[in-house]
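Below are two complexes that have chain A in common, paired first with chain B and then with chain C.
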Partner chain A sequence: MKFCKLLQYDLRRGVIRNWTFLFVPVCVVIICISFRQSLLFWQTYGFQNVSASWALYVADFFKGLADVDREGGFQIPVLWMLGLFLPLFITLNYPFRDIKTIGVQLLLRSESRVGWWLAKCVWCLCCTVVYFLLAYGTFAVFCVVWDIPLTLEISGDSIIVLFADTGVMPDVQAVSAGQVILTVLVLPFLTVTALNMLELLLSLIIRPVYSFLACVSLVAAAYAKSPILFPNYANIARSGAFFVTGMDGSLGIAICLAVVVFSVAAGAAVFRRWDILPDYKEL
Partner chain B sequence: MELVLDNVSKTLKRSNIISGVSLKLSGGHIYGLRGYNGSGKTMLMRLMAGLLRPTTGTVSIDGKCLGRDIDFPPSLGLFLENPAFLPNYTGLENLRLIASLRGVAGEEQIRSAISRVGLNPDDKRKYRKYSLGMKQRLGIACAVFEAPDILLLDEPTNALDTDGITLVRNIISSEKRRGALIVIASHDREQLDALADVIYTVEHGRITGEEKAV
Partner chain C sequence: MKRTLVNELEKMIHSRTLLFSFLIGVAVSSANVVENYRLTKWFLGLQELNHVPGYGTLNIYTNWINGANMGMGAAVFFVIFPLLAAIPFSWSLQSERHSGYTNQLLTRSAKKNYLMAKYIAVFLSGGISVCGAMTVNFMANAWILPLVEPMHILVRGGDGMFLSRLLFTKPMIYIFLCLLTSFVWAGTLACLAMTVGMLIKNTVMLVLVPFLLIFGGSFLVNALTPVRNAATGFLGKLTVNPLQLLQAVTLNANPAWYVWSIQLGLLILVSALYFLRGMRDEIL
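After this line comes the complex of A and B, so read on.
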């Protein structure tokens, strides 16, 4: 009962009243306009059979960075980084700002440190869900406005155009709806969830801003294509669905879930001994 | 109700902020912690509240060890220096929100606590519009509205005018009569002399003196 009350409070304060979510639709609209211009450009240069779809627009958002050793060379994947950094920023401050104010009164009355931590973990998960709902929803609205079909189809010239600016040619002509769901929807969601949970855990050990920087570094480290660096699994330009030598999506699911479970369990253990200090005594 | 600190020490950033403190406190009494700024009074309060975990030693409530058997004292009212509430809520709304967690205090008790500290429960002003003294009063109301068994008050009369100080003293006295175990941390000797049954002097994280009220 107390857990439900805590969670209800967290959702109200940390999700509904979290103004940083407003950045999501703004960013997505800018991305959509940019990608639409790009599609028009490629159509002018002979790719007449590009069939844009909702999934193609979402895939462009999480397209990321191709293998550095392929012929495309290195480019900073700005949109992809934005897609991963924005939720880290959205979930950065709330729990540790709240516990310095009224949150400490709620924590004392909840009588359970583990309950408080679990409520924050569920809050973090809900933030990720809301982030993706807002992003996907904005993509959908854009598609409706521009008469783009709300389908999961990514095939033919669309695939070539999708990866054109990364300088690599995909190894497939079409991907199934199941592959699109896994690569474009599920893996980015799980990767962002794992990053957010890791950030929440690290915020118990170091200051939230350093925790944010540590997770940003982890995303940046995905410059190296390693199965351990899990942000790679949200990188569609390195996905096994499009490239023969790409990353294995099922391994990505396993690693991301492991990071989430570890973060929740380790955070509960750390928070049981965590000192709740006034700001001026902060480490 | 009994609160026992057994040889409690706390180290933060390699510095001993509390060293070997042992106290046995019981319900129906007011205990004062007197000391200069930075002497360790607030940290001692946070250890009693379960917000800090001792590096060595134990804090126990009625035989239950904080951090091992329970996370926090089961019936605690805590007033920390510079209390903070939700800025866009009124005082009443803030206390309603806090009350919703335990569900032991009803609307009448919340309104009564706000009135007792000299605030108007029907005041429509948001917390952010409150003066420093009003914020302090709301903090006191928050600590007492659930009639807790243990009341920890850190500098409760800071920023209060003379009327406010009298009100708070009356509230503390009535909480004592109710049987609550009350600990007040203050650097103000006069205030502690007027209220406390026993006054402990805290210096460099140690209890260096004990005075009983005449």
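After this line comes the complex of A and C, so read on.
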């Protein structure tokens, strides 16, 4: 009961009143306009059969960067990073602003540190769900407005055009709806959940700013194609569904879930001994 | 003024956050050193096998962190550059105001002096953190990479790039000017965070502001170009991507006059906002 009340409070203060969620539709609309321009460009230059779909737009959001050739030019994949940084930013501040203010009173009255921590973990998960619902919903609204079918189809010229600006040619002609769900919807969601949970855990051990810095570095480190650097699994340009040498999606699910479980368990253990009194020292 | 400045500089130098930020910068940029070590090993193996003369692209001037524009070390370092600049000391003005320390100082020293001393200390903190890490990276790379002048046909950094003439004629001066430019970027971003701290209460947000601005600007530039990632330039030539402006070697042209003009403009803007707001603000 106490846990439910804590969670209800967190959802009201940390989700409904969290104004940073407003950035999500704004960024998604900019990305949609940009991708539409890109599609029009490629249609003019020989790819007349490109069939845009809702899934293609979402895939563009998490497209990322292909394997990098050291001798070629390199540009930091800002659009892909945004998809992972934005939820990190949204979930960064609330838990520790809360514990330094009214949250400490709630914690004392709830008489359960683990309950408080679990409520924050569920809040973090809810934030991720809301983030994806907002993003996918905005993509859907954009598609409805521009008369683009709300389907999971990514095939033919669409695949080539999707990866055109990453400089790689996909190894497949079409991907099934199941693979699209796994690669475009499930893996980015799990990766973002794992990153958010890791950020929440690190905020306990080091401070929120350093936690954000660590997670941003982890995402940027996905320049290297390594299975340990799990943000790679949200990178469609390195997915096994599109490339023979791509990353294994099932391993990605296992690693992301392991990070989530570890973060929750380690956080509960750390928070039992965590000093909840305000600290006015340096940042 | 002198006493206030010395006091602020002492606080800045002894700040744990400056040390942390510097160490994080060194740790991240060390990935670049490891990559260069692997590259050198691979090249030497190839040279032994095929008896290739010369060093090819292997030289310190185009492979250290600000000359690379490639590799994980450089990618991570330039993404977190604004955070490394803002973390060391930009929060101090807001923190001192909240704790009441500013009130104590202002009864003993002129407000103008206090603001000026704080500005200098914060500017230097950003510069020392970022530029210090880059200097360590250059020195570490000097253990591995040969100190030979780069050949213009083999490396990026040619016509239209930042101080390209110096890179091929006086490379050490080029490195010094690259470090100086990064120092000014970092200092300006740290002062920008401090200025924003006069308007918002949240210390975490204050530190994130330069990162959000640089990343947000880069996102807009990337998203609004007709074919993404293929062209990040303005007028088809100069780079306007803020994330690329922090680097010496980019995909689009970034001549020195262009980079320094933007730096100067931003510095004047930040300074004007800081002093105007600071002098008008009722602290006591």
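Note that in this section the second predicted complex is superposed on the first by the 274 of 283 C-alpha atoms of A that agree within 3 Å, B and C clash if a C-alpha of one lies under 4 Å from a C-alpha of the other, contacts with A are read in each partner's own complex, and residues count from 1 in each chain.
The working rule: contacts are C-beta pairs under 8 Å (C-beta built on N, C-alpha and C of every residue); 3 or more make two chains touch, one makes a residue touch a chain.
Quick caveat: nothing in here was measured; it's all calculated off a predicted structure.
Of the two partner chains placed by the overlay, only chain C lies in contact with A:Met81; chain B stays clear of it. By the touch criterion defined above, A:Ala52 reaches neither chain B nor chain C. Touch criterion met: A:Ala220 reaches chain C, while chain B stays clear of it.
Looking at the superposition, the partner that touches the larger set of chain A residues, chain B or chain C, turns out to be C. Of the two partner chains placed around the shared chain by superposition, chain B is the only one that A:Ile102 touches, whereas chain C remains out of contact. Shared-chain residue A:Leu202: touches no atom of chain B or chain C.
Put simply, chain A uses residues 283 to touch chain B in one complex and chain C in the other. Listing the residues of chain C that touch chain A in their complex gives 15-17, 20, 24, 28, 31, 39, 57, 69-72, 75-76, 78-80, 83, 87, 91, 95, 98-99, 156, 202-205, 207-208, 211-212, 215, 218-220, 222-230, 232, 243-244, 251. Those residues of chain A whose C-beta lies close enough to touch chain B in the complex are 2, 5-6, 9, 13, 100-102, 104-114, 272-278, 281, 283. By the touch rule above, chain B contacts chain A in their complex via residues 12-13, 42-43, 46, 49-53, 67, 70-72, 74, 76, 78, 80-81, 84-86, 94, 97-98, 100-102, 142. Those residues of chain A that touch chain C in the shared complex are 27, 30-31, 33-35, 37-38, 41, 68, 70-71, 73-79, 81-82, 85, 89, 92-93, 96-97, 164-166, 208-210, 212-213, 216-217, 220-221, 223-224, 280, 282-283.
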